[in-house]
Amino acid sequence: MPDPKLLVLFPTPANAGGSGAVPSIVIEHVNEEFTSVCPVTGHPDFGTITLRYAPGAGGCVELKSLKLYYQSFRNEGIYYEAVTGRIRADLAEALKPAWMQVITNWRGRGGIRSVVRADFGPVPTNYLGQ
Amino acid sequence: MPDPKLLVLFPTPANAGGSGAVPSIVIEHVNEEFTSVCPVTGHPDFGTITLRYAPGAGGCVELKSLKLYYQSFRNEGIYYEAVTGRIRADLAEALKPAWMQVITNWRGRGGIRSVVRADFGPVPTNYLGQ
Amino acid sequence: MPDPKLLVLFPTPANAGGSGAVPSIVIEHVNEEFTSVCPVTGHPDFGTITLRYAPGAGGCVELKSLKLYYQSFRNEGIYYEAVTGRIRADLAEALKPAWMQVITNWRGRGGIRSVVRADFGPVPTNYLGQ
Amino acid sequence: MPDPKLLVLFPTPANAGGSGAVPSIVIEHVNEEFTSVCPVTGHPDFGTITLRYAPGAGGCVELKSLKLYYQSFRNEGIYYEAVTGRIRADLAEALKPAWMQVITNWRGRGGIRSVVRADFGPVPTNYLGQ
Amino acid sequence: MPDPKLLVLFPTPANAGGSGAVPSIVIEHVNEEFTSVCPVTGHPDFGTITLRYAPGAGGCVELKSLKLYYQSFRNEGIYYEAVTGRIRADLAEALKPAWMQVITNWRGRGGIRSVVRADFGPVPTNYLGQ
Amino acid sequence: MPDPKLLVLFPTPANAGGSGAVPSIVIEHVNEEFTSVCPVTGHPDFGTITLRYAPGAGGCVELKSLKLYYQSFRNEGIYYEAVTGRIRADLAEALKPAWMQVITNWRGRGGIRSVVRADFGPVPTNYLGQ
Amino acid sequence: MPDPKLLVLFPTPANAGGSGAVPSIVIEHVNEEFTSVCPVTGHPDFGTITLRYAPGAGGCVELKSLKLYYQSFRNEGIYYEAVTGRIRADLAEALKPAWMQVITNWRGRGGIRSVVRADFGPVPTNYLGQ
Amino acid sequence: MPDPKLLVLFPTPANAGGSGAVPSIVIEHVNEEFTSVCPVTGHPDFGTITLRYAPGAGGCVELKSLKLYYQSFRNEGIYYEAVTGRIRADLAEALKPAWMQVITNWRGRGGIRSVVRADFGPVPTNYLGQ
Amino acid sequence: MPDPKLLVLFPTPANAGGSGAVPSIVIEHVNEEFTSVCPVTGHPDFGTITLRYAPGAGGCVELKSLKLYYQSFRNEGIYYEAVTGRIRADLAEALKPAWMQVITNWRGRGGIRSVVRADFGPVPTNYLGQ
Amino acid sequence: MPDPKLLVLFPTPANAGGSGAVPSIVIEHVNEEFTSVCPVTGHPDFGTITLRYAPGAGGCVELKSLKLYYQSFRNEGIYYEAVTGRIRADLAEALKPAWMQVITNWRGRGGIRSVVRADFGPVPTNYLGQ
């Protein structure tokens, strides 16, 4: 069962402070080993989760804790859109980021492959069109 | 025969709401197994259909129903431009999306390959140049 | 000899109408089998021609006629820049497009490969940077 | 131990001066052979460091000295974010660049690969969206 | 020894005239066979030179003459930054272009590969972010 | 319905005769636009058909007739293995080749993609391991 | 728990019979969505399973049943080598193939990625070196 | 009209002599710019011609003469198989090679792309399976 | 300092036994994160180590212990050829494999990249030409 | 001027001895930065030189000396075939290898790119077909 309490945070490093419209530092974690279960058919879904954020009040997410949080979806029956929305909600709550993107990229089902992208906060000027 | 009544909708998930110029969630479905028939020669055409949209009043399109809707073009004699316009019209009618793109990408005929792109609604700021 | 009279047009499909700064539909035809002749050396040149346009008053260009028009350059002695300018001029005259790009991409000569791009009309907002 | 004193500078070439919002010259060095050590597990980390900058008051960094500076991280226990921030701080101090980006791209750990990007100074107009 | 007198120009083709902020025609020549010599070690450097420009008062550069001009660097001891600046200066002097980019892309030395980009004149709106 | 009577043959060109263990000529036709229907679910299957053969008593297969023969499977409900066996049987009957391979390569279903290969006659020495 | 009773067989199609050293038909199924669990750490492993076989006394394996059989490893704690051996044993028992290969290809752990290949029966002459 | 009299030969270099079953030297020329005309439709065909040979009594073929020989097919109406056989016949007559392969690789027509390979003489042991 | 005592072995799984010329099971571990030091210049070398073996009397090597063994070369001054020979010697001593290959693939130095391959024992028939 | 006296040798490492038909160790050096001059036109040629050998009585070639030897061709007017034969002769004389391959791979001239391969000594069984 998805469990945001698994997320561990650490303060943004001192030399990564910033100001103005361009974020000082942007962090991206790409997990190519995500799996959950289709709530209708019970078959597993496989995808890649990309998290991209500019740290805010909550600081940074620790990498191993992020992995364990993602693993907590392993046997959860949940739709693509809900996975994406849930991850955004949990991470936004924890990180309070200046900006965040969650992109879930799913292998094909019935000949159709899907991508769901959820943004949080204003896209920095230098990340437009990405 | 293309049949939009095959399309099944579901409400946008609660945690995917948004506000302002940046859409809260954008969904992309890529169908690499599209085929219709050339109305002039009777030979089959093969293409990839990319649908990208920010959900609006009509909510989201269910994936299997989308597949069946696409399959309804299988033995239809129809031009590239008309396929693209038809899909945009049917899906815009059903989804009432905040923004939508339909991109059809066709394998070569006589040494020329073609792409047709139809937009619906204003392109969100963070999707310009894509 | 390049012959624009080979070009056949058809009206833009009714469901592809648009309004405002974003074109309703954009069509791209990529011909990877273009050849003409170098006017200086007499050796053949080989290239790929990309045509991208938003239909205007002249409607759309029929695919087979476009192929025959391109084939009419086969034994013409003509420079890269002139091929590009000629295609733009002929197609702009016929199509009267809202926007058009002609990109010619040439295989190497003497270790240098070349690309020539000619624009016609204002680039739509959602095609900037492409 | 990371040692910025290893950095050697040289004046920006005379023919590379510029003015206004577009930098006259932008230099990019990509080091695909970076390694440091994880401060928690003691296992080595491997990454690619991309430095991109428009020269400013400090001039340009000499290539071999940059390589030696990067090698000084070889046996340092240090997090991804701190590597990135440290390199930005050291190079900004030395180069006083008009603009600078440091992008560190790390091979996967536990199925997750990471990218950290730190900007310094306003992104030039012609580098937005990159 | 780099010799700009090798450059031969020809008038921009009549059908390639333009007006306003979008250049009428943009020409790109990519030379993947550039070599010069490192002024410090005496070892050869190998790179790719990309020239991109919108023709101005000087017209267009003839392709074979450009190749001979590039070959005149073959046994010259010269740094990456100076090669780039020199090519920009020589070509800007000859072509008087509306806009020009020179991008030199160098194979690795000591595990680091480099790119130097020099702009001349205002980047056209439709080439931003490229 | 698969219809081998669509196949048209022509005599092997005179300058393509051979002798001994190495075939004089080998012909390969790759059709990336094959579709049939799953006999169980009724959903379309999409695949690529590779035919490779050394001509024998029946001569060569004419290309357009081969295309029409493949199109005759379009609405046939038939398994991967049977498609492959059927094509081998029909073509072996018609061509009486010295050697033949039929390789059908299918897009994924349920996360599994498949390849079926059927050989006919002894593999020539110089095609082993391919 | 791995469950070979999930495997469903069907007779090899009549037109796929063969004789001699070259198998009449070879079938390959590639499952890119395999996951099991590391018996030591409890973390999930992800891999691709390739099954290649020439049908024998047991006939062919039905595709959906193969998928379900693979899914039965989802929560099993088992090593790479044992997964590979187990799949070979179960499928050889069921299929009694003339020849079979099972290749498991695992995503990296600790910077090392692995491939395990298990053969069953003599490799056909025309598959040597593959 | 294909004209083998265009072929110019030169003696195999002295340091390229050999003995026994392994040829001393093997030369490969790949021409990616071949075009001829379909004898039925009159439309141009485009392909890549690969010539691979171990020099024999006739020595080696001069590169520019080979290019001119290939160009002599430009406006010839001729089938794929006949192009391949004709090139093999002309070159075998001129070169009297110890071994030769001619591989013609054609861009798609009607969704089918083709490769024709003609061998001459015994394949050397170290080129089997290529 | 390279330390073979770090290597931990485990018995080959029971279901992976074999007989005859074709090994029952072949295991491959690819480590893309190898680094040692050039004994002459003191600069780090970076490479990929591929180990491929058919288990023999010593059984199999445990993956994490293999990683630690490779890490023990991190600050060792040692040539490419000696790294390769040393790894073969240490692993052959420990594993007593039926067959083994060690392939070291090094990033470029001075524009030259290198591969060293060391075999141990007779190559199995089905791995020739790989 | 090509100068084999630049070649420096060192003894094959003790742990790289072998016996029988399979060489104990095979070394490959790939130089992607080779240039010489066309003896007819005076234009530079660019290519990649691959050297692959099993060490014999002369031992191994030192990497930096090999680079300098290759650089001695920089301003030499010499044909592709002669470059290849010359390198084979010089290296065979110096190395007295058990087996050697020299493969020169040249960028295109006039739309034709070329590969020349020269073998020395019997190809080891496990390198056939490569």
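Order of writing sets the chain letters: A, B, C, D, E, F, G, H, I and J. Residues in each chain are counted from 1.
By definition in this document, a residue touches a chain if its C-beta (ideal position, glycine included) is under 8 Å from a C-beta of that chain, and two chains touch if they have at least 3 such contacts.
Keep in mind it's a predicted model, so treat the numbers as computed, not measured.
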Work out which chains are contact partners of both chain A and chain G.
-> D, F
Where among E-J, B-H or C-E does the A-G interface show up again, with more than half of the contact pairs the same?
-> E-J
Distance between the centres, which are taken as Cα means, of chain I and chain C, whole angstrom = 55
Whole-Å separation of chain centres (CA-atom averages), chain B against chain C = 26
Rounded Å distance, chain D centre to chain I centre (Cα mean) | 34
Which chain J residues reach two or more other chains?
-> 32-33, 43, 46, 107-108, 110-111, 127-129
Can you name every chain pair that touches?
-> A-B, A-D, A-F, A-G, B-C, B-F, B-H, C-E, C-H, C-J, D-E, D-G, D-I, E-I, E-J, F-G, F-H, G-I, H-J, I-J
Can you list the chain G residues touching chain F in their complex?
-> 12-16, 18, 22-33, 60, 63-64, 66-67, 125-130
Can you list the residues on chain H that touch chain F in the complex?
-> 79, 81-82, 84-86, 88-89, 108-119, 122-123, 127-129
Residues of chain D defined as touching chain I within the complex = 32-33, 35, 43-44, 46, 71, 74-75, 107
Once bound in the complex, which stretches of chain B touch chain H?
-> 43, 46, 107-108, 110-111
